[in-house]
Every structure is written in structure tokens, then in C-alpha cells.
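Next up, some structures in C-alpha cells.
Heads up, the next two complexes both have chain A, just with different partners, chain B and then chain C.
After this line comes the complex of A and B, so read on.
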């Protein structure tokens, strides 16, 4: 497919914003996404053939997604769009192996987004337990109701959003359980006053829950999902305010057929790792993230990274980071002089500073605490692809495993089709807690190409 | 102070530790996980005939570099060595299950060499005529017999050779079980501990320096795989071991499609107990670069689909690579080094580390205990490298 001046991997908020800025500056981007449409998970477009009768009913994110796509439409003729194409791996920094061939990029922007952080608890693999992202995809995109009576648990502002989406779709939401404590209002104000719109959003959410009569319980989480073959009830209760360990003496049971959990997101770093970028562990950004300068350059020449894939901070931050990355790529390619590039970056940089205050407040509430690993019992599955139990992880510790790589070899944890995307973060937390080590020494389950599923036939190049 | 220190807990080091501990020696096994360790990138084939005769990775090497002759078969004495080690597996599997609780998934699969064309047939013909004594271990299958035995394989075949006794295990579990059994016999296993070098005192190797401090030992066994030269160098030994990268692909778990392990002129295939099919492999000099390459992934995928057409619609779960510890003559380096008392080699196992681990372990334990080895080690001594050099150890 030849050498391309700029390749952007990921068509979510960061990737689309990067494409818009690069195209505006005259650097022709190639925008690749494995999905069939632009917008990523959060601004996922409706499937073809769906018509929108009432856009308001679809919520703010739908509107923001439509706005982003409308902005993209103004530059679309200056962008090469490769939709429905998965990137399988990266070599020598900027050679991409995709389904259907190889692409060489002079410059690369990785905007790979984030995945739900699964937290294992007894029953979490039963049908009827969904991650917040999964529940949203079902309700938002497919317009399908995933259950009748739901308990929503986890942490962060996505919980009330999902709860209200479920409610509007006709699901009875029995409660929203936020493991964190409410942010202290007065102490938070100096950090968030510049983001008046977000405060409005938060207020709207809170009012929405009140109107829908959905109780919001801080300092609580789900302990267990149970039922014969599918979820029939859930056990929940209070957590220790300091480390979120379950306080089982306060446990209660509730009949539900749907448990939605949202414990935040983990950056998708497979491609930045394969590209050879330096990474560091940043708890508040969701785990290991590529090291970047303020202009979104990674440690590998001509490889930039933006959005949740390089640190989970939400779609608004992703758009600004993507814009900056697009401008920087254009500057580095000689399409913008330094002064013009700095001028164009000024607005998104300002917005990022303003948003970082909000992030600090949210992080104080929603930073994942180590006691959550105590939700799992020895019989709880921790790696669902390979059905590895927590007790097997303990056995491996007894045999000398001291990091994720050793756990993988001894237990097969992370050897399944998801390559550890699902079990890696929680297994890391288990290592840290049980062995008293840092996430850096627990390490990672190293990504292996192909980072997305591909068949032997497609790889071999059928028909040759 | 411990009788034996083993550096490297891959399959070879773990086997040495196990057989030493089983003899009643006190053992400390030290390991630092490394990217590209060969045990983790092995398909777990126990192919004494195939590997000795140049089937397996060797055939691919020959095909990939046109003009070069096929790799010469390994010497007869190595075949004896490999067969003796292979024969240890069935009882060892039971022994390890009992002592460690781990099943190494030993499976009597046999190895099939598929013949696609005249070149493959000519290769097979040369192989059979060159080894009349092995006829008893090699069955010739017609295309119809292959189809009956392995219905999932392609029908576009001239036939196959079946190597009877070339079987398979799960390589990680084998290393794991050996380590577990060593521990059960009293060995101390120090994982995640980097060995910085050998301690030379009074003209002999007297222990190792690790990140966790100095450990004294009566004898130090170097089983550090492709990294063995780094360890040996600290005692003035210049080991001719170099990393030879092999890349492999694993499929998603599948129902049983293959009964035998398969070797062709462009890949090998082994379906493991878990249902995954491992497809390999390359033989490359790439230093310690543990990445995989698009060309190799495509090449192996093409070879795999050619042999087993159903794989076309099967998902590749991952591709990875490891470093075989290669030597100039492709034979392991075992036993003592002249002028370096207190030091033993158990390295350079190239393509056959899993297969030859049990006998290596047994022999090294005998040497460490001062007992005459029960199988000749002469051909594998470091001294065979005429040009190989050792600096004399520091005078006392």
C-alpha cells in the first residue's frame, strides 16, 4: 500500500481530531479504524439502516459524536479513510501490518482508545453481567435492552450515564453503587470552576438519577452475582473507605437479572508497546502509558500518541490531545512553521489545563483502590479466556511466580484470545497486593502480534 | 553453601536441578526471566529422529536459502543421545506428576513428514537410503494412508514418512514440573534473581554473584540457554553459543484436528493438549531481537494453511519468538571445562532442549556427584572446539 505521510490508528475522538488538524494543515492523513464508522466507542455511530427520530433521546454523547463527524466531513476529501481494517502489529516503529497488507508510515499517530477494566468477583462471568462499555454498546448502538432489573456498580461518572441510558431504555435500575466517596464540594471548586459545562453535566446526571428514583450509594460496590446459569440476584455492600475492601458484614442481596460494572478503563497500549515506545506506569491514567512530551510525541521518532490509549482521561481530553498531535505531526512534516503550530496548539493546550482540574477531582474519587482484589474468592475465575481461578494464581505464587509473565507461563492466564487485555490489569493488582510489589515489577503481559484477531488464511494472503 | 548451583531455570536447568536434588545433592536453582527464553517459544516436540535427520526447522532452513545444501544430519552419537533422552519421558511424566502434581501432557503422537512434490520425495528417499538401520522406526505412508490417518490434512500430497517414537509434551509444563519436583526433593528455587557472574576463588568457581548477594556452591552449572556465554565469560570461558531466533504462531483452541505432529518443507504443526495448534518456525540470526516479523508470520501461516487447509478460517492467537541456544556444530555443550574446576556446562541445546533435557539433567547430576556418567558425554565437551579458548582463572 506504499508509504503514507501520516497514518492515524483509531477513529475515535482523538484520531478524528488529529485527522482534522493534520488535514487542515495540508498533511494528508490516512485514518484507520477496525470499526465500520468513525467515532470510537463513545461516539459510536448507529448501524446503517437505523433512522433517528429523536436525537435528544440519544443523549449528549450522540450529539457530540455527530458534531465531530460533521467537523470531519469538512476535511473528509483530504483524508484517506480505511474503515473496517484492523492493525495487527507494528514493526521498526512505523511499518504497520494490517488485514489486507502492509502500510509504511512516515509519521504515525496512535489513538487506540481504552478498554473496560474488568474487576473479578464471584459470578462476574455469568450471563447477565456486563461491563459499562458493553452495556452502552448494546443499548446505545443496537438499541437492545440487556435486562429488566439492573444493579450498576463501579466508579466514575460513566455509572450514572449508563444507569440513565438503561432507565430510558426501560430497564429498572435498582441502584447505582459508587465505590468512591463524593468529592468534597468546596475543596473541588477551585479545580473545576472553569469547566462550567461539565459541572452542568454532573448536575444533570444527579438530577436525572433523582427523577428516575435511582438511589446513588457512595462507598458501596457489588460483592457477588449469583443464579443458575444466569444472573438472578446480586449481593452488594459497603467498602472500606480507604482501600475499598468489601465489608462483608454489611452485605445485602437484591433480585436482579443484570449487573453492570464500570471500574474505569485501561489504555490500549499494544501498538505503542510494539512500536517500541517507552512506557511508564501512571495509576491515575489507567496503567502503563507511553511517555510523551506536551506536543504528544512519544520516545520513538515520528510516533505520536493521543487520547485514552495513552492515558485514560475521557473523550473531551482525547479531542484536545488529538488536535495537538495532528498539529505537531504537520509541524514535524514541515507543513506548519513553529510559530503557526504553537498558535494552533494554544487553544487545545489551554483546554487541557482546564480539564486537568476536573480530572484531579475525579481521580480523588475514582482511583482504583487495592482492596477491590478481595472481592474475588479462591474459586473466582480471574482469566476468563483460559478459565484460570484465583486459587491457581496463589499456587503459582507459591511456586515462585513474581510477575505477570511468570503467572502466564505457569497458569495460562493471559494466553487466551484476548492476550491478557481482560485479566492483565486485575492480575497485576493481585500480584501487587499479595506480593507487596509495584505495578512496574508486576510488569505486563507483553502484547504479541496479531494484536487483533486475524485468520491464518488472511495472514497467508488467500488466493495467492 | 550448597552442593550445586544451577544458573537458568528453563527446561534444561530445571532438569539438572531435579536430577541433582533427586540424588540427594543440595541444589539452588536461580533464574531471571528473560524475553525470548527458548523454553517458552518451544512447540514441545520430542523428535529425536526428525531433528537428528534434519526434518523440522532444518528443512525450512534448507528451503529458505536456495543453493545451500540440506543441513547435514547430526552425528549418529547424537541420535543415540536423543533417543536415550526420549526414552526417559514416559516414566518421567509419571514421576513428575507424582512429585509436582503437574501433568506434562506427554502424548504419543508420532511425527509425519509430508511430501508435496518430487523434491520432498527425493529428500525422503535420500533420508531412508542413508539410514537403513532406522527403517524400523520409519513408516512410509501413501497419500491414501495419510488421508485415512489424518483426514484434516491436505489431499495434495504424494505421501508421508511417519517417525514412530517422535512424540510431544507441553514445554512450559515440563519445565514447571521439573522445577516443582526439584523443590519437592529439597531444591531451593530462586526466581526473579539475576546472576551477575561466577565467583572465582582459589583457582576454582566457588559460587555466583547475584542481585540478592553472593551464593557459595561446590559446583556451578551454566544452563543459561542463549545467555550462557555471558555467565561463562565471567570465569574466562568463551562459549561459542549464539541466539538463533525461531518464530511461531499459535491458533485459537480447536477440537482435535491432528493426531500426529506434522513437518513439511515449509513449516511444522503440533496440536497441543489444550487444543491450540502451534505452527513454526524460522531459523534466523537476529541477535537478541525477540520480535516477530510480518514476513515470517505470513510465511508460516502460508505453510500451515497449505498443510492443513481448515486453518484458513482459524484465528491466529499470537505470534512470538525465542532464542535457541545455537552452537557451531548444532550439538549441546555439556560437562566440565579443562582448567576451570567447579564449573559445568549444560547449554547449547539448540533445537532439542526439551527433548534432551532429561538425559542432560541425569548426566550433569552424575558428574556433579562425582559418579561416572551413564551415557558418553565426550562428544559434547567444551574441549571439542579446538579454537575455543579459556583464560586461566585468577591465581589464588
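After this line comes the complex of A and C, so read on.
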């Protein structure tokens, strides 16, 4: 196949919405996703081999995912769909190295999504500690129960969602620990009143926790997971309201076999970095994000970015950003004139403005505070792949390391198969706190192709 | 069907049998290796190379590479992203693992 007019990387809410708008405008997109189905992490479809018996029992997100897939079905004949294909690198902003060969694109929309922000604490490598996203994948998609008695800790609206999913799956949830403080109701109303649907979701969650008798503790978090070989108990307690540092004098122990942590999300920027897009650090968007204009264009011509991968804001925002990116790509390709493109973008832009109020309120509660890095002790593993301890990071600081790149060279932190996805954000926070520097000076663990480990056979496209 | 599996809502695929460290384990088409092991109460999937520590499923979506096992003779395969197959040989991985 020759040069494709538009390649969209990522089949979550943003990528699917972008494909729908591009196809509607007559620009044929190629939509690529590593998974076997569309929907991304949040609207993940059931695996091949499973059939739905009772869609209602699968919950709201499954229904929303089905709606998105149904909308996609109306344009599916105008889209080239490549599922089960990982994109491993980008050259010159338009040549994509994929499992099974190379794809050349005239223009590109990156909709790569986000992943759980890892926060190291003693015992977080024990089997039985799961990220919130991982717990959801197991319960929602695999329909398997990951434990019997769980503690759910972190920050943000995903915590009560996961807690209730676990509860409905028969797991006893001993508590939900939200590190932040509850948003002040009256002061929040002017920002959120337009979003009745979201307010109702929040109310349903609150009522669900009450009914399930799951305590929701604000200003608390998990301090430690412990056990012989697997999680058998957890220590938790209050955090400082200003910077979330643990207040160990208030620590309590509880017997659990499952600790689920969800400290928000980090944008997956490997591909936008490899594409050469300018990035900036935006705390409220989860870290480094590609710089974009209101039409989703990045600093690299022909490359657009949309959804959580270019700033964490959730699925509803991702859908609108994806739509805008699809329309803009069609405009840039000459399929829509400027006036028609602006007309089509007006509705999603309006929705984005309305949703931004909700985001401000959530951000006030859930913005990650610097004291969280004090959860780790010198013996805590910071880089899970290379088993680098916090004490080794301190040693590297003592020997003059001043940023992530130096830490990587001196300790091997970030050199394992996850390529720093798991340690980069927390190591950056440690640098900022210990060295008194900004995230910009701490820098990044730069991605290198292939961004995921792959065999030579898969690169050569031998069907491996 | 294994107490870790939720009843209702969905119909699983046809049953298959895995060989896990030499012992048979029943699973269902559509499940990942990690899900099938978790459903049987198995949470430790490997031990690390430097400190010999147990690890299991962590991110669950294929990013962290903590759930890697030796599957059908190939080391460092993510159990969370590998669908079960009848007769599949699944081995707890020690350290970096080895081709077998």
C-alpha cells in the first residue's frame, strides 16, 4: 500500500471520534490500535471468544463503548482498520514502524491515551498490588475477581468507580482513600452546573459507596503493602492537606489481600516525542504534553494530537478533541473549506468549554502534590524493571546527578522493558523535591524506537 | 469454573487446558493467561533477576512488563496480553528467563 492520506494511532474515544469525522468529510483514515478491538482502555470491548448475556450487568462504560462502536460502524466501510498492531516508532513525522512493517502517512493523528501514574510506596511491587486501570481490566473485561478484601487508594473520580466495580464483583472493599480534599460544593457549582450528566454520575457514585457501606476517607492514602511473598495487609493513614506527605503518627494497619492504587494518569507521549512535536510540562494535564492549537495541530506540520495522550482530561473531552482533530485533518487535506471546517468544529469546541469547568474542580482536588514522594523509603524499589532502590537514586544525587537522564546513566533507572513509563513520572517528582528543580529541568526519559520490546521476526513481518 | 470467575453477564469461550509449571489448568477462550491464573488464585507470575522478588499483574494493560512469563518456550511474554490457547505451556519465570 502506498502513502495513506491519514493515519490515526489509537482506537480509544479520541481516535474513533477522529476517524468518524475524517471519514464523514471524505478523508479515508487508517485507524491503528494495539488491542484486538476498538474502545481504548475505558471502553475496552470484551475479548474475542466472550459473548454478552446481560449488557446491563456490564455497566455504564461498557454501554458507552458499545454506543461509540455503533457510531463507528456507520462509517466503518470508509476506514481502514488495523487492529492488534503496535506502532513502534515514527520517523520524519510520517513514517511509522509497526509490527509487521512500515506505514507511510500523509498526515497523522496521535490518540495514544494515558496510563496509570505509578507512585512508589513500600511493598508496591508485591503481587496483589494493582493499578486502578489494571483492576478494571481484570474485573470488567476478564470478569475475574482479583482478590477478596481490598483497599483502594489514590485520587480522582476513578477510585469510587473501581471500588464499586470490585464490590459488585464480591470483593469486600474496606475503604476508599482519597488523598485530596472534597471539592467545596457551593464554590464548584458555577463551574459544573452545565454538566448535569456528570453531576448525576458523581451523585450515583457517592450513593453507591454509601449503600455498599464503603467508607470514603478524604485526606488519606496507603503507606505500605506487606506480606510474605504476596499482599496480606496494608498500612494507611492521613496525609498533610497541603502537600500530601504521609503523617505516619496516624498510621493504621488493615488485613487485605488486594491494594488498588490510582493516582490519576500520565499521557502516553512516546510517539508525539518521536514525531518531533514540541512538548511543554502541564501539571494539570498529567505531565509533558504536546503543544497544540485549538484545532489540535501540534508544532509538526501534518501531525495532530487528541485525547488523554496529549493531556489527561477523560473520555468525554477525548471524544470532542478527537472530533476536532478529524475535522482539522480533513480541512488540512483540502477535503473541507475553512468555513465548513469551522462550522463542524463549533459544536465540539462548545462542549470542550463546558467540560473545562468540571476539570477545574477535579484538578483542585486531585492535582498530584509533591509530598507523595515521601511514601517511598530508601529500601523502596523506584524502577520496577531494573529494581533500582530509592537509596541508589539518592547515591546518584550525591554523585552529581541533576536530572532523569543522569539518573538513567548512573542507576539503570528507566532502561528496562517498560522504557521508563513506570518510573519516569515518580523519578521526576523525586528529582524536583530532592534537588529543588522544576519538571522541565528534571527532563524526561526519552523514548527510543522500538517503544515496545519486539522480536526481529515481528519487525520483519513474518507473522510472529 | 473456578471461584475467581464472575458468573452471569457474559458467556466465556470454549474450555481449554493449559500446562502451568507441569500441572493442568482449565481456562476459557478469550481469557488472558494472567486472568486464568488469577481466577485459580495464582498471583505470583515470576521472580526478579536482581533481588529474586515475586511479581505479578500490576498495570494489567501491557505497559509495565511485570507480569512476564515463559510461554511456549519463549521468555518475557506478557501474561496480561497473551490469550490462552489449548495446550499452552506456561512457566513461572525466574529472573531474565531463557528460551526453552
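Keep in mind that, in the parts below, the second predicted complex is superposed on the first by the 458 of 464 C-alpha atoms of A that agree within 3 Å, B and C clash if a C-alpha of one lies under 4 Å from a C-alpha of the other, contacts with A are read in each partner's own complex, and residues count from 1 in each chain.
As a convention for this text, a residue touches a chain if its C-beta (ideal position, glycine included) is under 8 Å from a C-beta of that chain, and two chains touch if they have at least 3 such contacts.
In this text the structure is predicted, and so the values were computed from the model without any measurement.
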Q. For the three-chain model obtained by superposing on chain A, do chain B and chain C clash or fit?
A. fit
**Q.** Which superposed partner A:137 touches (first chain B, second chain C, both, neither)
**A.** second
Q: Using the touch criterion from the header, give the chain among chain B and chain C with more contacted residues in chain A.
A: C
Q: Identify the partner contact of A:432: answer first if only chain B is touched, second if only chain C is, both if each is, neither if none is.
A: neither
Q: Applying the touch criterion given at the start, work out whether A:416 contacts chain B, chain C, both or neither, answering first, second, both or neither.
A: both
Q.
Touch test for A:453: chain B only (first), chain C only (second), both, or neither?
A. both
Q.
Touch test for A:91: chain B only (first), chain C only (second), both, or neither?
A. first
(Q) On the A-aligned overlay, A:364 touches which partner chain: chain B = first, chain C = second, or both, or neither? (A) neither
Q | chain A as apex of chain B and chain C, Cα-centre angle in degrees (nearest 10) | A | 80
Q | Which of chain B and chain C A:126 touches, first, second, both or neither | A | second
Q: Give one of first, second, both or neither to describe whether A:342 is in contact with chain B, with chain C, with both, or with none.
A: neither
Q. By how many Å are the closest C-alpha atoms of chain B and chain C apart after the superposition?
A. 5
Q: Please identify the positions on chain A that touch both chain B and chain C, taking each partner from its own complex.
A: 416-417, 453
Q: Report the residues of chain A in contact with chain C in the complex, numbered from low to high.
A: 34, 41, 46-54, 57-58, 115-116, 118, 125-131, 133-139, 142-146, 169-170, 229-230, 384-387, 416-418, 421-422, 453
(Q) If we count contacts the way the header does, which residues on chain C are in touch with chain A in the complex? (A) 3-6, 8-14, 28-32, 34-35, 38-39, 43-45, 48-51, 53-66, 68, 76, 80, 83
Q | Of all residues in chain B, those that touch chain A in their complex | A | 33, 35, 40, 172, 176, 179-180, 183, 189-192, 249, 251-252, 274, 279, 291-294, 297-298, 301-302, 304-305, 311-320
(Q) Quick check: in the complex, which residue numbers of chain A touch chain B? (A) 89, 91, 95, 97, 102, 274, 399-403, 405-406, 409-410, 412, 415-417, 419, 446, 448-450, 453-457, 459-462, 464
